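Common to both upcoming complexes is chain A, partnered first by chain B, then by chain C.
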Partner chain A sequence: MSSIADGTGRVETRPASQRRSLPVTAKLALLALATAVPLLFAGDYQLRFLAEILIIGTAVLSLDLLVGFGGLVSLGHAVFFGGAAYAAAIASQALGADIVVMLAVGIVTGMVAALLMGIVVMRTIALFFLILSLIVGQIVWEVVFHWREVTGGADGLRGFPVLTLHTGFATIPLNNGVALYLASVVLALAAYLAARSFVTAPIGRALLGTRERQLRMSALGYSIPRIRLMALVASGAIAGAAGALYPFVNQYVGPNAVHWTMSAMMIIMLVIGGVGSLYGAFIGSAIYLGIQTYVSSYTDRWQLVVGLVFVLTVMIMPKGVVAGLKAAFGRRKDAERRS
Partner chain B sequence: MGFYAVQSLNALSFSMLLLLTGLGLSVVLNLMNFVNLTHGSFFLLGAYVGVYWLASGAPWWLAFPVAFVAAGLAGFLLERFPFRQFYARTHLMQVLLTYGLSVIFADLMRWGFGAQILSPEIPEALRGVVFIMDMPFPIYRLFIIGFGAALAFALWFVIDRTIWGAVVRACVTDRGFVETLGLDTRRIFTAVLVISAGLGGISGALGAGILSAYPGLDEEVLILALIVVVAGGLGTFRGTVLSALLLGFAMTFSKVWVPEFSNVVALAIMAALLVALPEGLVAKKVRQV
Partner chain C sequence: MSANAVPALAIEGVAKSFGGLKVLSDVSVTLGQGECLGLIGPNGAGKTTLFNIVTGFLIPDHGRVAFAGEDITTAKPDVRVRAGLVRTFQKSMAFPELSVRENLALAARSRSGDGYGWFGSRKAVAAADEAADELLTRAQLRERAELLVSGLSYGEQRIVDVLVSLAMRPRVLLLDEPTAGLSRAEGEHLIEVVRTLGEDLSTILIAHDLDIVFGVCDRVAVLDLGRLIACDTPDAIKAHEGAQAAYLGASLGEAA
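This part shows the complex of A and B:
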């Protein structure tokens, strides 16, 4: 992943396996099939669960922009996501819950939060960035937790109007599993495409450059804080869009959504899924939330299971489960071929 | 007047806990270049050991050495596997590994010690209060201040003034060179990590008298300790002391003056400090090339 310029000035940001790509139509067909399968088999509860996986996965995807491409490990990422969730929840009570309005509110909140955080955080690097983003995140959590009149304090907010989609001639209520699931599929897909175009655009290359060769980048005249700030704002916008839909899936948003443990959870998901792969965000979120939801019905020790999976991933498959499994199977195939 | 004197002593006792925990963390970070986020778990383990020891009726003063040994043992085992494999890795990988481990330990301790809040039985000798300008102040907190100061001084003395400290510091500068002198640097690193973990344990046992012991305390303490170490400036003993005092006083007095938003104020002070001095309070002199 960390391959830099290969002499032609181009940066390969995708893993090798993705490079032999299928035709676009085949990809679209596969995608449509993958989207449709749960609709046939899953009930309302499972569809809502899938929607949650996709929404949180989208937030993790936005974190991947920072961690995987900028080398910026933020422990304050929940501020963008949770802040947008609160903003959407509060705005919905005054403006009604039109999905376009909600997304706009969320994206703006995420971007503003990222900008403010960026101004504070950008001066520092490495361990300082980690700690400072953590402190800023905790300040926001304290405010959310204590400002009862607006945020509901420890109880959080619940009871929002129904999320709706205006299509010009009809208004579709998005209050069932199917609609929420489809909405989050669209969100996740749009976010993935946005993140990918960011990464492949010159700004994304420059971001990689700031991670790999900081000194050389500044010698070339790039302003490193500015590149990082732009990445932070882009990431905040995606996280904000995800956050805007989050309250409507469970009809609840609580202070935990902005707590630093939420940021840490996102990092865990990202590492399990694969840092710098973008798609891994969704896999990590599915694995984590799957363990949380299904293991916790058998035992109270689900955090132990999550921790073990995480530590094993870090130790054995630092590039994430997908890349790790691929490498393991690839090695076996190689061995078979040789024998 | 008496009120502020007592509050200052409160702040000082809390600063002492922060200092001891922070020192444990910074010793490993500065001397071994290893970010150990399981340090909060050592603290909580020490706190639980302290609570159970003091409840068992055994000689009370042994509680602290026992907490040191228990956490030190945990550190020793962890150092063997898997910390040792991660010394050469990036900070990010170390953060991920140790944070994952701390999640596991948090859950194991919740399993073993239960989820309720446990407060230790303060031993007879340390119970009660003394009057400072007509204001009562718990003896136990005075004990924390004295014991903590002694411990911190001892650590500083060993690292800064003895041949053992010199060896450890030499390992930071050039590990290969120390090896050529016939010293086993792996053993030295093990010793440093055990001492760091033990310090975490002993501060937990001390702190349990004020903070109690409960699931989640490990993370709270870890965050404060990290802030202390980073805000103080990496690689400086003085910086860690200063920032522990600053954070302790900021947290105590913001609780007195603005109880509702005490943590916001204290955190904002530390954030402002980091923004103003990104290198920390006391920056190590480095040559920029």
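This part shows the complex of A and C:
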């Protein structure tokens, strides 16, 4: 019996045979095709842009674990992502930029940051969780902003060594759009599978239980702080992995990466893409960054467009753009069938 | 229950006040192994507060609570639950957005210590699903396993709620008005499910439906204004004047 998450963090527990679903080989082929198409048509700049979408999307995906499945809206999530980005950027100056080492540094940084934040926030929920995570996040921002010798202060850091992949017999430099794009695809895919396994595993179900009925979960012998802490650390690990690659794609990391507005941006992306759907994180990231990049070349008021999209999503498609469009098309098909 | 057997649950001289309000004063009652004890009394008598003290959601000001001979007065709720002291709540507390099977499996995994697994939990998940399906089959709800609880009728939701508790394999089960809002037939069915599925189970049942309480319980305890005014067999309680007086609205003698 397999289970998959849908738009509301629910899990489908029908046997696979009863679901309309593609076989695994077809899914893999589609995925390979979707990955390959940009390689044929996109230039170096666009591929780097796609890499950024995937990396930010991975960070948003990790936020979805907390928001969509734990009901925990965090305004400090940028700390896991941006903290890992700084850690990787700083470590690369001393250790070189081997991608495996960078990912390890990022993941550990994200987990430690999540653990520390978790100790502060794990007993709270709703508004208190929001405010406490905001405060912890802003403390980190203050440190990053003022610790010039290490973080570059307001200027941030730039000029990193080339990201490399050691394969045993050759060292591949990941310094062009194609390589960075492919690395981001692998990161996003691995993160998605990890997140999906989390939400379908007992711990993910328990997290969903705390979102629905906290009191009942205690009465079933679950420790709610423990569940929240585990979710935070898992989320921090994924956000940290994404953060580790960010400086090398963006070629810059600044204090904005840990600022609360970065966390807020991730929440907006998540809402646009669909809370509790996991994949929606990437859709939301693509829409937001697409507007930011392409609309801003016409007008400085691109945030107005983001705001409009956000408001329309919340009003018309509260489960996110993908679920909303699916429902709209589903209705039309139903209507056609009836007529 | 023989005189020297260790009771499943012993409540000794328990008192609790909220501010100046005495909710319970000097309540002592024991629950024998395998016994079903009814707990009745008017609203505000302290029945649920007593449950909260027994399950660790509240700590009493005085007195002690012993579970199978062990003092648990200050033990944390999750510790008591895993030891087999399980409760239900007045409102249905099944998880509405989870499937019926998943509701039971959540409890089964907590019981087996697999509640926090991530990678490599396939076996634990399968075992919990199996345990859930077995309980559902025995409760004749197997065909409901895949439905979300929010899609069930209220009566079925209450039964799922009780099944979730039974999936914890409790030794003592505290049922807080499980039949409230149910029809007589639904209520009797629910009690029947508990009696047939709970093996070696000792229960305390809070219910306003006196027919059910007097029909299924071995003994009945009557609480009034935080005091235990009687604890005896159903027949003796029906004849008890103090109990009659306390239960203003209902006439105990007529309930049969």
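The working rule: the second predicted complex is superposed on the first by the 320 of 339 C-alpha atoms of A that agree within 3 Å, B and C clash if a C-alpha of one lies under 4 Å from a C-alpha of the other, contacts with A are read in each partner's own complex, and residues count from 1 in each chain.
To be clear about the criterion, a contact is a pair of C-beta atoms (placed from the backbone, for glycine too) under 8 Å apart; a residue touches a chain by one contact, two chains touch by 3 or more.
Note that the coordinates shown come from a computational prediction; the quantities given were computed from them, not determined experimentally.
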item: First, second, both or neither for A:Q93, with chain B first and chain C second; value: neither
item: Which of chain B and chain C A:L127 touches, first, second, both or neither; value: first
item: Which of chain B and chain C A:I227 touches, first, second, both or neither; value: second
item: Which superposed partner A:R213 touches (first chain B, second chain C, both, neither); value: second
item: First (chain B), second (chain C), both or neither touched by A:V136; value: first
item: Which superposed partner A:T171 touches (first chain B, second chain C, both, neither); value: neither
item: Broader residue contact with chain A after superposition on the shared chain, chain B or chain C; value: B
item: Partner chain in contact with A:A264 - chain B first, chain C second, else both or neither; value: first
item: In the complex with chain B, residue positions of chain A that touch it; value: 67, 71, 73, 120, 123-128, 130-132, 134-136, 138-139, 142-143, 146, 260-261, 264, 267-268, 271, 300-301, 303-304, 306-308, 310-311, 314-315, 318
item: Partner chain A, residues of chain C touching it in the complex; value: 55, 57, 77-78, 81-82, 86-87, 89, 93-99, 101-102, 105-107, 109-111, 114-119, 121, 124-126, 128-129, 145-146, 148, 164, 168
item: Residues of chain A that touch chain C when the two form their complex; value: 1, 8-11, 13-14, 197-198, 201-206, 208-209, 212-213, 215-216, 218-223, 226-227, 230, 234
item: Complex interface listing, chain B residues touching chain A; value: 35, 82, 85, 91-93, 95-97, 99-101, 103-104, 106-108, 111, 219, 223, 226-227, 230-231, 234, 260-261, 263-264, 267-268, 270-271, 274-275, 278
